[in-house]
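What follows are several structures.
The following pair of complexes shares a single chain, chain A, combined with chain B in the former and chain C in the latter.
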Partner chain A sequence: MQKLGDFKLPHFFNYPPYFTLQPVRDTRNKQVQLWKELILDYCRTQKIFVVGLEEDFPLFSNPVVERSLSHEAREAFLSALVSEGRAEWLDKGHRKCLILWHRIQEWADIILSFVKDNGLEDSVMTVEEIRSGTESRGTELHGIDRTILIRALRLLEQKGKLAIFKGTSTDDEGVKFSL
Partner chain B sequence: MAGKWLETLQQTSSGRPVFLENEIECSLVSAVDLECDELSDFPSLKSGLLILTTHRLLWLPPDSSTSSTSSAVSLPLSSVSQIFSSKKSLKSMFHSPRVRFQASLNPGPRSVAITIVMRGKGDCDAFLGKFWENWRARAWEKESESTRSGRGGDSQSGSGSANVSGGLYTREGAVRMVGVSGILRKEQEMWESTDKSLQEAFLDLNALMSKAKEMVMLAEKMRQKLLTGSNSQTGTTNDEEMGSKEEMQDWLLSVGIISPVTKESAGALYHQQLSRQLADFVRIPLERAGGMMNLIDVYCLFNRARGTELISPEDLLRACSLWDKFDVPVMLRKFDSGVMVIQNKSHSDEEVFARIKALVTKPDALRTGISPSDAAMTLGIAPGMAKEHLLTAESKGLLCRDISPDGFRFYINLFADINTDDVYLIKDHSMYATWVRVASASS
Partner chain C sequence: MRRRPGIGGLQNAATARDQYRLLGENVAKIRTDLMKEQLATFRSQLEEFARKHKNDIRKNPAFRSQFHEMCAKVGVDPLASNKGFWAELLGIGDFYYELGVQIVDICLATRPHNGGLINLQELCNVLRQRRKSDRGAVSEDDCLRAISKLKAQGFVTVDEVERQFSWTSGRAIDALDTLLDEGLAMIDDGHRDGRRRYWFPCVSSIATSVADI
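Right after this comes the complex of A and B.
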């Protein structure tokens, strides 16, 4: 079986029609479904948060069968993820796409359990510390996309679980947990 | 059902009359009754289609009336003894126009008066004129004469005056010169009107012309023989023989339609009659092409068979569109792409799909797909037509496409076999499993 780094590719990745946007509705629906699963799977295992349509994204081409997705096809598959709430366009021109293999709500839950696990219920952390500090090492939060993290924190702030404040000395934001 | 007075007229499967040799249609009038007051058991012939030819009067029953008990009949012009000119009276103003003539019917020596009643819009005077001309022309006599003595011995034209030089050709436009035989007649006529000294000089040419006519007859005969031969024979023919047979058929098919339907002769009934003639004509080419033909190919073949009196693409399309209304074994079909074809009604897409599926599931095709030209070769049809079939199969979910720098190819559709919950799962005995086996064996 073919691999992309340490990611195991399904067999149909070598099926040439998989790389051509199918015009017939039923066939297209199935194809879109399969692409959505594959993109989410790949991004989750490879910790990829942003996919650029004009950049080389390894999943979008297959050198073995010499096929790659057209721009139209890439946009169609990512749009399908966006419409399901599993991705968001970062710009109006649809050039960059934020992949949400965990929805924002799920990320918020992960943050809460991280705080509880580390006994940080009443402490203060910077956003950058959450992303790359020693506490988060080994968790899913390590290396999380900043945009996603801020969005999850704002969701928790709305629910009164924490407060976000501007730091005085640095341009980084601070987080005061209050569970 | 024609009774004892009139001969039954044979019709083709699409309702066109079967013509005699060299018989040409001259005028068509719809909604015509034939009446004979003198005979009590004369068949009831109401509002049918009347066709005047160089040899006969033909009456065809109307299409719609399934209850009609009358069948198509014919009356040879040779039996007509007199045609009465229509009386212009006050009474005739309120009547449907009618033409009366005297004819001796079979059996019996008695001569009776028959009335043609035109209930439709037909031009009565024009019909009468043509009726009279063709009756006077005595084309049937010329036929038997020429077959007896050959064209060279025809001394009728000796006097040189135009209106006796072979009754059929008296006045310009009286009879249409159509089809291959029309060309031959025209040549013959031109030759007859030239100087006598030239006649001698071109005696050889004359002989050639009469030979040409024989050739056409021979060709027609051979075609019939070939057709019956290819249907009944199964084992004994070898490939070479088959090849030459096919070649012969190709040649003979283009020989021509003796009496093409023309706007002049059919008038308002033009498209209807053209439609029927076309239905008769395409039957054989369709069989050879596997049940489906491109409209453009039919257009070329049909016009080649007509020789002269070519029809326009619009006429062809209208003729095809009229098939819906008649009981003919062929139909016009429009593909999603807009390509139009003529196909046998018995032609089934399922059969074509089955063959495409067999083609596309061969190990090589599983790996590399098929192109329209691959399909064309296997199915024995034109690439354009093959592509239409492939696209139809794709829309049915049988195939899916692959567009790459290598071109446009089709693969068997595996998407349905793949499990979206577990993309790594390969169901046993599925087409997907077969494909995985073939694909991994090659890499």
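Right after this comes the complex of A and C.
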């Protein structure tokens, strides 16, 4: 099986026709499904949160079979993820896509577990500490994309689990937990 | 021959060398001719054999396998073309072609169960069931032969189809697009030569799984 670093690539990745958008509906559906799963799996294992359509995202080409996904194909597969709530476009031109291999709700749950596990129920932390502080090491929160983190925190704020407050600059946004 | 000193002696030696060389060439030629004759005789005997045992070859897989081995030894490939002596005599090209089509058919039918990969033994079992009555037994050897005769690469271009069947471009595209619509083929527009390729996933998976045996 071919690998991309540590990641095991599925067989279809070496089959040239999968790099061409298929015109026949059932075939296309199967193709889209395979690509959606691959993109999510890869982003999850490599902790990739943003995919740029015009950048060298490794999954977009396979030099072994000398094929690359057209822009149309890239947009089609990512749009399918967006429709499913597994991704969001970051710009109107659909050039950058936020990948939600955990949905926002799932991230919110992870944050809650993190707070409980570390006894932080009544503490205050900065947003940056949550994603890169010592407590975060070894957890899924380590290195999380800021945009996603803030979205999850806002969700929890709506549920009254915490309060977000601004510090002296955007880097200092703080969170007071009240679980 | 006793060597004699002087010019005369040298001339004799030269003549002797020439004569030996000529003899050597003649021997080589005779050997080649003999071999050619042997091969020609073998080939016609093989044809005679095939004529006599036509039914056995069609019906008995073990016999058929040995027959193929004999042919291979003299560089005869009865499956090389659908025309000519072998095809006409034995209809053996048709046999394998038909087998090939049935194999693709079975693979397609079982695809929902096995995702497009089928093991050779199972394939032969299903094949035998389908061919039950008069068509004659089929061995794994036959399956392998038929499979290797299917386009090894797993894809075709429109040009290739036109050439293979002597069709017009329109007809070739229609046929390929029909297979596409039925989910039997996938298109590939990514080759740098810009020519569209039609891939047959079923064929490629058989070829891959058989290659692993």
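To be clear about the criterion, the second predicted complex is superposed on the first by the 175 of 179 C-alpha atoms of A that agree within 3 Å, B and C clash if a C-alpha of one lies under 4 Å from a C-alpha of the other, contacts with A are read in each partner's own complex, and residues count from 1 in each chain.
One rule holds for everything that comes next: a residue touches a chain if its C-beta (ideal position, glycine included) is under 8 Å from a C-beta of that chain, and two chains touch if they have at least 3 such contacts.
The structure displayed is predicted, hence computed values, not measured ones.
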- request: Kindly say whether there is room for both chain B and chain C on chain A in the superposition, answering fit or clash.
  value: clash
- prompt: So, A:Q33: does it touch chain B (first), chain C (second), both, or neither?
  reply: first
Message: Looking only at contacts as defined up top, I'd like to know whether chain B or chain C touches more of chain A.
response: B
Query: Which partner does A:S132 reach: the first (chain B), the second (chain C), both, or neither?
result: neither
- prompt: Counting only touches as set out at the top, which of chain B and chain C does A:S178 meet: first, second, both, neither?
  reply: neither
Message: A:Q105 in the overlay: touching chain B, chain C, both, or neither? Say first, second, both or neither.
response: neither
Query: Looking at the overlay, does A:R67 come into contact with chain B only (first), chain C only (second), both, or neither?
result: both
Task: Go through the superposed model and pick first if A:P16 touches only chain B, second if only chain C, both, or neither.
output: both
- prompt: If you stack the two complexes on chain A, which partner ends up touching A:T147: first (chain B), second (chain C), both, or neither?
  reply: neither
Message: Can you tell me which of the listed chain C stretches (61-69, 79-87, 115-123 or 133-141) runs into chain B once everything is aligned on A?
response: 115-123
Message: Considering only the contact definition stated at the top, list the common interface residues of chain A for chain B and chain C.
response: 15-17, 19-20, 22-24, 26-27, 66-67
- prompt: Which of the residues in chain A come into contact with chain C in the complex?
  reply: 15-20, 22-24, 26-27, 66-68
Statement: As the complex stands, chain B meets chain A at residues 369, 394-395, 397, 400-405, 409, 411, 413-416, 418, 420, 423-424, 426, 432, 435-436, 439-440, 443
- request: Spell out the residues on chain C that touch chain A in their complex, using ranges where they run on.
  value: 155, 180-181, 183, 186-192, 197, 199, 201, 204
- prompt: In their complex, what parts of chain A are in touch with chain B?
  reply: 8, 10-12, 14-17, 19-20, 22-24, 26-27, 30-31, 33-34, 37-38, 41, 64, 66-67
